[in-house]
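Next up is a structure, given as structure tokens.
As written, the chains take the letters A, B, C and D, and residue 1 is the first residue of each chain.
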């Protein structure tokens, strides 16, 4: 039980790596920096594996297994311990994060090989791992918030890693500020939670919540408020409508960063948080609905934008947003397990996609525009195959990881306890679009004839330390979902069962359907419903698959069969095209509605009026007063010793008087 | 042999102190101003001794001792300063030594 | 009117007279002599109070060293008649009156305040002289630290005086 | 009258003061004669010879001369101080002597000791107090004359006196440590007894360094050659008393000699056991030493009278002879001899010191001013300090040894 009792070890490892590299690494050769960074992360991963082994021996009653390391804040009855805990959910997240993180570290050693600030990059990366794991293992909202903000910080640092590029800097700022808006809600949510449960410790909060009467659609209470506020934070962090705008710009950062932070781990923090707070959300149907709606809308909306993007990373960015939307949709319809499942698979294939894209960019010598690529299939086979696998996975082609998870979600959205046909519909369409733009990406990049100057750019496969992570992730993208496979043939869903305690523990008594849904799904496979074969067929020919295939074919038709079609199409519906191409002008709208007024107010009111007028007025005024009184008072400094003597005498007389008075009183 | 009440000494010391203060304000010559200070110190010493006698304790005398020592030190430095002033300003009148002012 | 009273009043009058002369005299050296007179009178009073050692120290250090230093400086600087400039209005209109007021105040207080009375009634215990031995014991046991501190102080004073009086190269 | 009977102290004191004053004055007068004679003989001259036999009446003549000279007070001088200064000097010098015990305190009249005017139990401190005031006489004289040389002389002397007073005091502290008291009687009786039965336990032996320091400092303190810079003729005409004439001058003169006497007495008391006899008490014959001495003197003068002298001098010498023989005879009476014992030894020792003073004056050249200062501060003071420290440590050590 070494690690269970010393969870902090897992955190300290990457932190140590970050510290060592950050403080000492400046003049070290890259080898040492690599060694430090990777060893720290790999050790962390091994530690997690060990942790999982020990965890598997725990009795259910011992879960969640917590450790309280030191008393951090104490103010009145507000007491925050630096406490960590492990339960099934945490385990999943830890595995995903540490594993993907490790792979991406390895990949980065290849990708960043020619970059400056090498030690800085890895120090940040390790630091990110530290914060992410803190976030995941936190046992109370405050510690979670630390991780939450910490990853935000690292994201800022890494997006702005090339701080000589103006666009990178502003992208970093944008990411930070936009996220702040959500975090504001999050913070308020925390406060409200404390006000309500008089504790921010998960266990305590949930126990409290369990005793409270759940809100209903008609009657919304404090639980709803908390849930919505927290969800605001999730929106900001996980780039949902309407705060998604920062994520595409965040692609300014190095590709491994995009892969690790803006695809695999950080952006999923929101989903994790919602899943973690499920007892609260389950009791706030309105909030649930909101989550579902936001998720579905985002899924659909981002997908549509994805269609017209030409920058390979932008496409992936929007697809990330939309996939996150799916996860929230899953949570929104009460299928937390499905959401987390999708989170995990997504971590695999989206991480892979980004890494592959990175490899492509690497191969193209920095070129990101898909329309300047093409026909790379032969030159960089490893990248091609792995990317294809990932695409199939994300598109939800049966047998690949994405299929299982997405199917779960849509299934829950369609036939789950909180089923909502409209959300389901949006999800389905989004899925179709997803597969379309993903295959568009594949076809544009790897098929057709090269659209780049083959003499200038020498396409070459990436080095081993980049391709090996690709292969590993490809493997996972393909088979990562099979844990849930038996479910299709009517068998049990291992993943869901594994997570079941987390979500069932505090499930609202009113909404037993939560548990019942599992039972139901089990029951469905039980035999009341059509047999396993039918089940399999049903899910294999289910709407998701159909739309996926349609999207695939459409993409094929447009970009392989009739390469000139897209242009004509764009001409035909020019308005719509430009609208979508410009991402619905959301950035411009925000600029017009929020940023510019804000700037105007800051300049004309806060700066010129408040600061220059009032504050400086006060300061200078006091200075003037002091000066004036001083110039009067200094007359006392006559330079004539006898005057000074007289002053002394005056003082003496005063004191004596005082003494006499006092003594008079005493005696 | 009858004894002089201690309060007599105290009154005398009070008067001397007051005169010292008056001299301190009244005199213009740096050296005499110094003397005024010495006068005040002496008055205080008298009070000390008187109180020592009154309570029949030695501490008062010890204090006087220290006061005398300090006065000696003070005189040494002070007079050195006076000499310097005289060299630089050619006067001992404090009212003429008035450059340090607003 | 017994002897101690005679001595006391004689010395008291001498002391006050000396102080007044110190004030009115225009020749610094006369002031100095007046002050010496005061000190002598006080020394006698100390003896009357039984503090012979203090009396001796008073004369040796104060009259014999400090005041000699004053006289010496006066002679060295050839300090002439004090010019009675009256540029400090405050000293003229506030300082002096208050000074006299303070004089009366303190004297009156010491005479009539409960403290003064209490002490007076105590009338100063036994009139046996303080033993010099005890005094020195107190000085070197109980007050050793202040004593050493004063020695340091004097050392510093000497250095300061040397530095100040040194001819500017 | 009843007041007097109330306070016998006053009566006795007044009488003692009168007697002492007379003796000291005479002593002063003849000290001048003594000095001139000795110096003369050192310089192989006769010295005063014609006013009375061997110039015995010379002091008288000088005194008269001073009295009848014109008393000039410089118009520019500060009258008050000009007059005050010599009085201050002389009175202080004489006051100092009042503290000196010339004989054992045992001898009393009306319950008051005879051989000391004021018997203070911190006499030494008081003596220093008075000598420390002594400087004012010189300083004020220098100042009030309102003339260059006196001013310089006054400055010099005050500086010199302050400087040497320090080492004077310090050199004595060693003795105080040994004696453990400040009263003269205490110090003297502390020196009673003998080492090896015949070496007197005087402080001179353990405190030889202190004694040398004291001697030097004392000479400087009294402005005597070789430290007589205040009246260095070659530089300052006559120093602080240049402007003085007639009796005021005489007073300064007497003050100086009075100081000599005081200092010698002090040396006697501190280092040479005051009125203690150098011989063990067992030697009974010492009782008759004073008488014997006087008789010898008488015999010598008788011979002179008979053989050498002529004319009026012979008559004078006859008187001297008679006095000497008579005195000697009286001193041989045992009770008188007992009483005389203390003063006799005391005076003898003092006279030895005075002789030493004169001897020094006749022998040594004068210091230069800077030499004087550097000698005082850089040699004398450190040495006396070292002596003090060593003494203290030794005493502590012995005390520890038990």
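Criterion: a contact is a pair of C-beta atoms (placed from the backbone, for glycine too) under 8 Å apart; a residue touches a chain by one contact, two chains touch by 3 or more.
What you see is a predicted model; the values in this text were computed from it and never measured.
Student: As a test of understanding: of all chains, whose mean C-alpha position lies farthest from that of chain A?
Tutor: D
Student: From the mean C-alpha coordinate of chain B to that of chain D, what's the distance rounded to whole Å?
Tutor: Chain centres of chain B and chain D, defined by C-alpha means, are spaced 36 Å apart.
Student: Please compute the C-alpha centroid of chain A, do the same for chain B, then give the distance between them in whole Å.
Tutor: From the centre of chain A to the centre of chain B is 81 Å.
Student: On a C-alpha centroid basis, what's the spacing between chain A and chain C, in Å?
Tutor: 85
Student: Let me have the rounded angstrom distance from the C-alpha centre of chain A over to the C-alpha centre of chain D, please.
Tutor: About 108 Å, centre to centre.
Student: Mark out which residues of chain C touch at least two other chains, giving numbers and ranges.
Tutor: Within chain C, residues 3, 53, 57, 65, 69, 74, 76, 87-88, 91, 95, 99, 102, 105-106, 109 contact more than one other chain.
Student: Give the residues of chain A that touch two or more other chains, as numbers and ranges in rising order.
Tutor: In chain A, the residues touching two or more other chains are 638, 640, 642, 645-646, 649, 652.
Student: Would you please write down the residue numbers of chain B that are in contact with two or more other chains?
Tutor: 21, 24-25, 28, 95
Student: Give the pairs of chains that touch; include all such pairs.
Tutor: A-B, A-C, B-C, C-D
Student: Can you tell me which positions in chain D touch chain C when the two form their complex?
Tutor: So the residues of chain D in touch with chain C come to 7, 78, 80-81, 120-122, 125-126, 128-130, 132-133, 135-136, 139-140, 142-143, 151, 154-155, 158-159, 161-162, 165, 182.
Student: Could you please specify the touching residues of chain C with respect to chain B in the complex?
Tutor: Residues 2-5, 8, 12, 15-16, 19-20, 22-23, 28, 31-32, 35, 38-39, 42, 45-46, 48-51, 53-54, 57-58, 61-62, 65-67, 69-70, 73-74, 76-77, 79, 82-85, 87-88, 91, 95-96, 99-100, 102-111, 116-117, 119-120, 122-127, 130, 134-135, 138-139, 142-143, 146-147, 150, 153-154, 156-158, 160-162, 164-165 of chain C touch chain B in their complex.
Student: With touch defined as at the start, can you tell me which chain B residues reach chain A in the complex?
Tutor: The touching residues are 21, 24-25, 28, 33, 94-95, 97-102.
Student: Which part of chain A faces chain B closely enough to touch in the complex?
Tutor: 634-635, 637-642, 645-646, 649, 652
Student: Can you tell me which positions in chain B touch chain C when the two form their complex?
Tutor: My answer: residues 1-29, 31-32, 34-36, 38-39, 42, 45-47, 49-56, 58-59, 61-62, 64-66, 68-77, 79-84, 86, 92-93, 95-96.
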